[in-house]
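Multiple structures are listed underneath, in structure tokens.
First chain A sits with chain B, and in the next complex the same chain sits with chain C.
Here is the complex of A and B:
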């Protein structure tokens, strides 16, 4: 009976969260919640000052938001959007990545040239790692052994050992690296360079750049092509790259690493998030104050959904 | 980096060893030292007409300090250490100070001086140093008076005028009333406005000179006199869309908004002002750049600070990319087509090989905000949209 109740609770609890999309609005100081099935806005909720990076625990119970101007990470119940507690983050947290196990959280402190490691259960700082100028992009290897930080003015991807909290390698990339993303099999690391206009493909084992992906869009000034967010499908077949003020998301073939498509989305597209089934990809469009829903199979924009002021980050609840 | 920071950096190197340093040399026990100087030549002048614009003592130096901090943070991973000696000189002492810096072996000198002093000191430095002009805006300095050992991080008059002109044409405000001061640099700036008008199809419908008679500064009675006199000075102009002021010495332009005879906006040296930097800029990551500067200097960033920051960031970027501390190698790389630097303006900044001017967007600013940024999207160019601003290759009078 107890068992049955537990199963019942689980089945009841899951649909409420599944496919819920959370978008931080940097200037609006709130999070817009979207129903990923109906593509309708469910509501918006205050989350502190200058919310940027956003992520969710693997079990879907804790929603983490970088409240940059509050100098901390605020944690919310994703169901009720009530704040449950805060985590120390170091000053000006911008973007973070959660260890695949859900603990700890690795936070880029943009103003302080640090990566702060925070225990999400004990709510305390485990380490502070000095990195380059303006750390932003944070990626973690699927096995959780390596965390990548990109520093925007130093122009490096720093490899951080998650056991020792020490930097083990630095890879120089093109100007203003914004984002770091591993493929799900851990064999490739993608680092986007906003001013350089490229995505560097790095072999994590040798820490060498194996390929540089470039973009060219007829009718769009090369200066406007500014890669930021990167997402890779689970099978590694498609890589999506948000191109900022080019207002497009590039689709890159995972085998040839050639660009196959450009999808027109809203203005100044920065961050991306898949739904758990990877049917849809959400984009944050900071200048048009909306998100675009992309159909992953067909590379087409399905719908634009107005959110708050200057949408920055996006995460979708796990199943 | 000063010595206490130096110790910190060495300590950090000890704490953060980088065993598998990919693509970068292992930091040597003794980091490569890259030295520079910031030489500011202060000429005696009256205070600005607004006390909000009083020059801070660390003008230009504070930007250089931030650049050295930025360079050192990167240098930690590259085994490089940067320093910049700060020298404030007068026009009389500047030559001797430059000699002293060069005798110490410094090969990169960021100069904050007027046009004539910049040329004189660049000639004095000769092939002993690469000079970064982080203040002087004269077009002659990039034209007939150009020097091969000078890189200009300050935008030229022509770039600033073209940046504003593009916006005014986008606004369909092509009829300009040009009021310029009586100093030689005002006349040079007025020429940049005439050139911009011709280039973008605007028409200067009226031109007047506001003679600097030494009065009308901000005294108790100043605003009373201003309120009475400026409408008279500006009346009976042909119909115009906007007044353009060319006032390099801050004699009259600051007073002009709301004191014109006709109800017209003012731009140029006051009102809507084209600049290299403005402390309200938030786009392109500028917020955190402003934050870092304000924490370091306890004041908003000025153009001189941005321009000296850019100069030393160029040195830092060259050292990172070449993995070298050799001045000749850094210089060659900065002057090569491969060089680029990020400057919180939304695109890479590169050097024009014909006059060593750093290409950069121009901010069009009012007191509290960035109103627009040029080049405007509608102005195209076969090489770079940034080359729609200022003197382009076919027009240059510069011969190295």
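Here is the complex of A and C:
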């Protein structure tokens, strides 16, 4: 009996290894936590006012949330969802990116035309970098040497040297750039343009646009196609692009850069996050108040999970 | 005037940056029309096929916001039994047209609402100027000042009440879009069977 119970307890305890999924709800002022194995909601936790950008430390011990209306970054224990401390962020932090080593954090301040660099260990500002008007998208190269910031009004991707905190190059992209994402090998940079309706493919070495990906969906008016979140599989074979109010996620072939699929997910699909094994991709759907789980191998939506009010950002805990 | 206009512009915390104008006083980006492909990946409705009375009646019922979405879904489920994909597409189209038309009417209403607010803001400013004139007069006409002050109070009150309602007014198109999406999802569930 004792053995049976012990085994039972151990078996029950194993799913603790499951990767948890964290979703910020911009209007609900909370984070919904989802069990990545069962796809069930574990709970929702208040995280401050107007949470948008969300990321997690590489070791999975610190969860960072941009509390946009609190003008700071709140840091949580991902296990208990208790706030441990806050980080200074500058006004109206929207989106940020963590250095691959876990420190520092680069934050876009939309109202101040700055990128704020924050030491996640010392909890202090290391630098404030003036960029274009309405900075928004943030990306970091896999080697951590370059941070990309996109400015919505200036329509540029700024290349920032992470040693000198200086802008080393500016690339003009299409209207209202939203998001910047490197391929895992660092050879390509993808920048989405919400109003332009495109994704620019940039060679980071020459800082030249090598290709512009366009989207056309039968039965959808072009103005509804507004690319935002971008994710690239580790092997570079597939690029997923969230198309906002088109309610679709485009799948782009990494070799030909042609769109192969438009997956219907939820309303106003915004940001994307892979599970560590890259079997699943989570999408936040701001107007249908849910997230969609996409099967990466088959390009199909396998489940939609209701979360809080106006889901915005998503991150999956690392292994 | 400038203050009131700023108030009009800043009515709600921007959810997604759109610059409010009298034509579109909302922070939500204005999307003139919806498209069927935003909610439907099934086959397109057959060319030239007309709505049957059954489809028209069901579409009329399920698009009504007073019908709880669970009931609407149940009605769609009941209809969809044994129907082919083309028939489902016809119902989808019927629902889509009705909701898009409702939504277009609401967009027009929001635009009128925005213009009325701007006009009211101008009137408040005119009353303030008149008050200043009356107060500066020698000797002051206290009855006229009282009357003007009361009128100004009322206009200010109406303005700020309407301004507070703006958040809800601007959410109405989104509520219709949510309903359309939910109905589309309910209908699409029968495509794979």
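Here is the rule we go by: the second predicted complex is superposed on the first by the 302 of 319 C-alpha atoms of A that agree within 3 Å, B and C clash if a C-alpha of one lies under 4 Å from a C-alpha of the other, contacts with A are read in each partner's own complex, and residues count from 1 in each chain.
Please note the rule applied: a contact is a pair of C-beta atoms (placed from the backbone, for glycine too) under 8 Å apart; a residue touches a chain by one contact, two chains touch by 3 or more.
For clarity, every value in this text was computed on a predicted model and none was experimentally measured.
For the combined arrangement obtained by superposing on chain A, do chain B and chain C clash, or do they fit?
After superposition on chain A, chain B vs chain C: clash.
In the superposed arrangement, does chain B or chain C reach more residues of chain A?
More residues of chain A are touched by B.
Which partner does A:266 reach: the first (chain B), the second (chain C), both, or neither?
The second partner, chain C, only.
Just chain B (first), just chain C (second), both, or neither: which does A:152 touch?
A:152: touches chain B and chain C.
With the two complexes superposed on chain A, say which partner A:223 touches: chain B (first), chain C (second), both, or neither.
both
Would you sort A:245 into first (chain B), second (chain C), both or neither based on which partner it touches?
Once the two structures are laid over each other on A, A:245 reaches both partners.
Kindly classify A:170 by the partners it touches after superposition: chain B alone (first), chain C alone (second), both, or neither?
first
In the superposed arrangement, does A:208 touch chain B (first), chain C (second), both or neither?
A:208: touches chain B, not chain C.
Tell me the contact category for A:299 with respect to chain B and chain C: first, second, both or neither.
Touch status of A:299: no partner.
State whether A:132 touches chain B only (first), chain C only (second), both chains, or neither.
A:132 contacts chain B only, not chain C.
Touch check for A:288: first (chain B), second (chain C), both, or neither?
In the superposed model, A:288 contacts chain C only, not chain B.
Among the options 163-171, 235-243 or 325-333, identify the stretch of chain B whose C-alpha atoms clash with chain C after superposing on A.
163-171
Need the overlap of the two footprints on chain A, from chain B and from chain C, as residue ranges.
134, 152, 221, 223, 245
In the complex, go through chain B and note every residue touching chain A.
Residue positions touching the partner: 12, 16-24, 70, 73-74, 76-77, 285, 288, 291-292, 295, 320-321, 340-342, 346-348, 377, 384-385.
Touching chain B in the complex: which residues of chain A?
Going by the criterion above, the answer is residues 92, 110-111, 113, 129-130, 132-134, 151-156, 158-159, 166-172, 175-176, 195-196, 206-209, 221, 223, 226, 245.
For a test of understanding, state which residues of chain A touch chain C in their complex under the given definition.
26-27, 50, 69, 134, 152, 217-221, 223-224, 245-247, 262, 264, 266-267, 287-288, 304, 310
Can you check the complex and tell me which residues of chain C touch chain A?
Contacts found on chain C: 13, 15, 17, 29, 31-41, 44, 174, 177-178, 181-182, 185, 188.
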